[in-house]
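Working notes, beginning with the structure itself.
To keep things simple, chains are lettered A, B, C and D as they appear, and every chain counts its residues starting from 1.
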Amino acid sequence: MSTTTISLSGVFPPIPTPFDEEGRVDLAALAANLKRWNEYALAGYVVLGSNGEAVYLTDEEKVLVCKTARAAIPSSKLMIAGTGCESTAQTITLTREAARAGADAALVLTPHYFSGQMTRESLLHHYRSVADASPIPVMLYNVPKFTNVDMDAATIAQASQHPNIVGVKDSSGNIAKLADVVRLAVPGFQVLAGTGGFFFAGLTLGAVGGVLALANVAPQESIDIYELYKAGEWEKAADLQRCLLPVNAAVTSRFGVPGLKAALDMLGYYGGPVRSPLLDLGASDRDILRGVLAEAVLL
Amino acid sequence: MSTTTISLSGVFPPIPTPFDEEGRVDLAALAANLKRWNEYALAGYVVLGSNGEAVYLTDEEKVLVCKTARAAIPSSKLMIAGTGCESTAQTITLTREAARAGADAALVLTPHYFSGQMTRESLLHHYRSVADASPIPVMLYNVPKFTNVDMDAATIAQASQHPNIVGVKDSSGNIAKLADVVRLAVPGFQVLAGTGGFFFAGLTLGAVGGVLALANVAPQESIDIYELYKAGEWEKAADLQRCLLPVNAAVTSRFGVPGLKAALDMLGYYGGPVRSPLLDLGASDRDILRGVLAEAVLL
Amino acid sequence: MSTTTISLSGVFPPIPTPFDEEGRVDLAALAANLKRWNEYALAGYVVLGSNGEAVYLTDEEKVLVCKTARAAIPSSKLMIAGTGCESTAQTITLTREAARAGADAALVLTPHYFSGQMTRESLLHHYRSVADASPIPVMLYNVPKFTNVDMDAATIAQASQHPNIVGVKDSSGNIAKLADVVRLAVPGFQVLAGTGGFFFAGLTLGAVGGVLALANVAPQESIDIYELYKAGEWEKAADLQRCLLPVNAAVTSRFGVPGLKAALDMLGYYGGPVRSPLLDLGASDRDILRGVLAEAVLL
Amino acid sequence: MSTTTISLSGVFPPIPTPFDEEGRVDLAALAANLKRWNEYALAGYVVLGSNGEAVYLTDEEKVLVCKTARAAIPSSKLMIAGTGCESTAQTITLTREAARAGADAALVLTPHYFSGQMTRESLLHHYRSVADASPIPVMLYNVPKFTNVDMDAATIAQASQHPNIVGVKDSSGNIAKLADVVRLAVPGFQVLAGTGGFFFAGLTLGAVGGVLALANVAPQESIDIYELYKAGEWEKAADLQRCLLPVNAAVTSRFGVPGLKAALDMLGYYGGPVRSPLLDLGASDRDILRGVLAEAVLL
């Protein structure tokens, strides 16, 4: 179990996994994207998250992505790896492999297939087992729009008592709940806003940072929100937040990972194709997306 | 149709309807509560909202509540009346009666019984018909947790083009959507946060005020959030927002109207019984509620 | 409280409420429709149900519909009136008025606005209060697609112990639950399938009849399913059931009350307009509907 | 692609995967269970379905389960293997491995993680790609309670036009939809009821068989429903169906896979532990389960 403390403050893009035209993981493109993102004051990266299409990667590919990303990420920045699988055992295996591949922390999705049986008891048992076995700190990952499991504030707070469970990425969009977690969890437990839509609001209620798909396409602007917040320039931060909302929607709820990858292509990163059953963004949606990026002066 | 402009800025408590022990509307208690709330710098009141148990009132009682409230509310404060019924025709009738009884604006709940058929087209037709016929400005009221109808930002924006539709109370808790409404609606369209859980966050994203059950039990604190926000003292506003969240939850999602009425009783207002099928708050929940109020130093 | 027993066996159409072109209740059309339906061996009718657009009628109109319908319905057929309102008190008032207007039984919709607080306890309290006060037998009405309240089998079974609660119309479509209700309720409690989609299946699992929108447009075919079932000719009943499913869908889930009324117009009954916010069926949907009726040889 | 026809008529238990006390797959127990089930006139088995805890198995374990099961299943009975993964590519890989391991057909779960993007277009593209690549016939598997994706009848009907997509297991419980699929799909497309709760009803509406968790614990009774149905003795079939409903609920919606495994233990099969994050059935639930089995005279 980890004994060092880890700071999750700041902005973390959950980076997509590049695929080439044959659908293979494109490690060179991954490294190239990271090289460019490294120019920004990002606190680190999440690899193998939802936006990394982790559900479409084999175990071997996952480890390869970790290793390649780690080599491209300076040690001054964190690499957080998504390691949640449906079973506790597989989650532990993948967490250990991610740690060996250089991950600083593991982001563990709620198991969810048998959602009706994912009770507080079973979720706590799962997370505690993973945290006991993990050589790196564990973060909870709550994203009901994908899982239909919504871990409540009291459950998260109970989990926070485990010394190796250090934070949560909450993507439910429920800011009152986010504040509840901050209030109920053990001191030092770190809450991250899970989407750009409530990043500033989350910060004002006690979040220490954000894991934002938005930060892939607008890294500096995302960092600016964070820095302005820290500097007490909240009105400017809120203005920026407001301005970025349509961009955030375009790369999340509106167009999903296909939108995120298309936006990266437009911005000079490598986006490339998504894996089936996802479908690449169609031409008319690309036009809309281009308009959204242009209006936010990202293009 | 209204030709004057109306300002919805500030804090509006959606006041409960007092019932006596026999279950009759207690007009004296209503007036007494208002007299006390009038001491605060509230912008006005919402009568006959969800918290007013409007669904449990007869048409006659609704008019009586309006008249009694109006007599107790100084002309310097707005009285907004909930007038939404399932049918367009009944909504128009009640809106006109509320106007005659002195309401300054009508808050019109989305019709919802046949939720699958409440399309953008049918909702717009409904709201435009009501707005055409209403002698007072109309506000949209979107509260999916009660209606299972969630009017989207584009629909609200289309409705905002009607000159007599002046604002929206959105209780969905989705702050990205709230900002979308601000962005897409016609200039001057007024967005009100529909619950205390995202009041401060809503203000930072363009809301002009809030209709907050919380403001019934913590009027000064609710006003303070608003005033601190206006004065640029956002950190203090956020601190207060965070501190009030458990109170807000207790009088809304956690204990509902029974919780709100019980809290009013504890605070020296008249709360009294709810109407069946709601059940009054039980003893153990009252104890919890008392603790929440005490911790927020309201008791 | 009722002391006589009432049989709910057989087929009951939940009849629509006719409106004229100005939107007024058309009592003559109501009587004319009933006169034609009376030619069939229907067990009775439900007035003021969901298909009767009860949520769009005033209290006065509801009583008028009851009286007019009763005058047109022979005493050999039951008139069941939908009398459920949000409040217990208004439900009691309307139930008594319906009884005075000649209703043989009251069909009481689950209250649902504060759906999160419609617990087993509050629902049982509501139904028992109504049943205590009602001069006619009470039937429960569970229709989660409209109410988002789904009364479970155990709650229905508890309610069935009240001597004046004689049956349930369940429109959830969950046939395993329907059978559970039959198994758990007191002997003699009568379960009615609430939609034509599972009428035959419901009969095979213990339902005694059905309240079927389908029976408005296909009364003889609906009766045939019932009679074939009773005669042990189950394969013929199932064939007919299968054949009628597209018709049933067209007048319920697919096109709703606008579809039901349009179908009645096509079949020589009076359908007429729906009330706003519902919208009358558009031309292209009418064409589809006509095709569905033609394929089932109803046209 | 398959060129032979395959008959899916009859009863198929979706068998659980036995684990030993250390949590390893217990192949001997798997074979022993099958040996006992082989004594019944089951049409075959589903391995690696939801009840097989497939989401908790590694790829290696899945292949091992297929091989072991195939060796224990006579060639006169079908082995259907659950091979659906989130990605199209992994689904194809696993389908081919299952075919090599002796599976007669592949049961392919709807991909669902990005449920909002699982449109008709993406689902059809997925299934057609899998069917093109599969050496064995493909069956669709629709189970919204686990996936929150509910493939509609029209989509299933479109998929049925692919020559290598031969059937569907539908576990939605919506019998009207099941009949719609029968009506809209190409002739010869085979529909299987996906749960014991609507097995008889499904048969009467055109299903050719069922994949029933119930058949693990009540194989003869499940077969009896099917045989009585085929023999025209529908009333007896319905009686049996009604009688088995509480058992079916106990091993599905009520207690899930932990309930199914506990029931097998009680009945002399090997049930054994579930994999974490599922939790084994507690003592009091076991008592309830024992009572349910006893009342149905299975114990």
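Note that in this section a residue touches a chain if its C-beta (ideal position, glycine included) is under 8 Å from a C-beta of that chain, and two chains touch if they have at least 3 such contacts.
Bear in mind the structure is a predicted one, so any value in this text is a computation, not a measurement.
K.L.:
What shortest step count links subunit A and subunit C in the network of chain contacts?
P.N.:
So the least number of steps between the two chains is 2.
K.L.:
Count the C-beta contact pairs for C-D and for A-D, then tell me which is higher.
P.N.:
A-D
K.L.:
When the C-alpha atoms of subunit B and subunit D are each averaged to a single point, how far apart are the two points in Å?
P.N.:
50
K.L.:
In angstrom, rounded to a whole number, how far apart do the mean CA points of subunit A and subunit D lie?
P.N.:
35
K.L.:
Per the touch rule above, enumerate the chain pairs that touch, sorted by label.
P.N.:
In this structure, the chains touch in these pairs: A-B, A-D, B-C, C-D.
K.L.:
Would you tell me which residues of subunit B are touching subunit C in their complex?
P.N.:
Counting only subunit B, the residues touching subunit C are 23, 50, 55-58, 86-90, 111, 113-119, 121-123, 125-126, 129, 145-146, 148, 253, 256-258, 275-279.
K.L.:
Taking the touch rule as given, give the residues of subunit C at its contact with subunit D in the complex, in rising order.
P.N.:
Touch residues, subunit C against subunit D: 173-176, 179-180, 182-183, 197-198, 200-201, 204-206, 232, 234-235, 238, 241-242, 245-246, 248-249.
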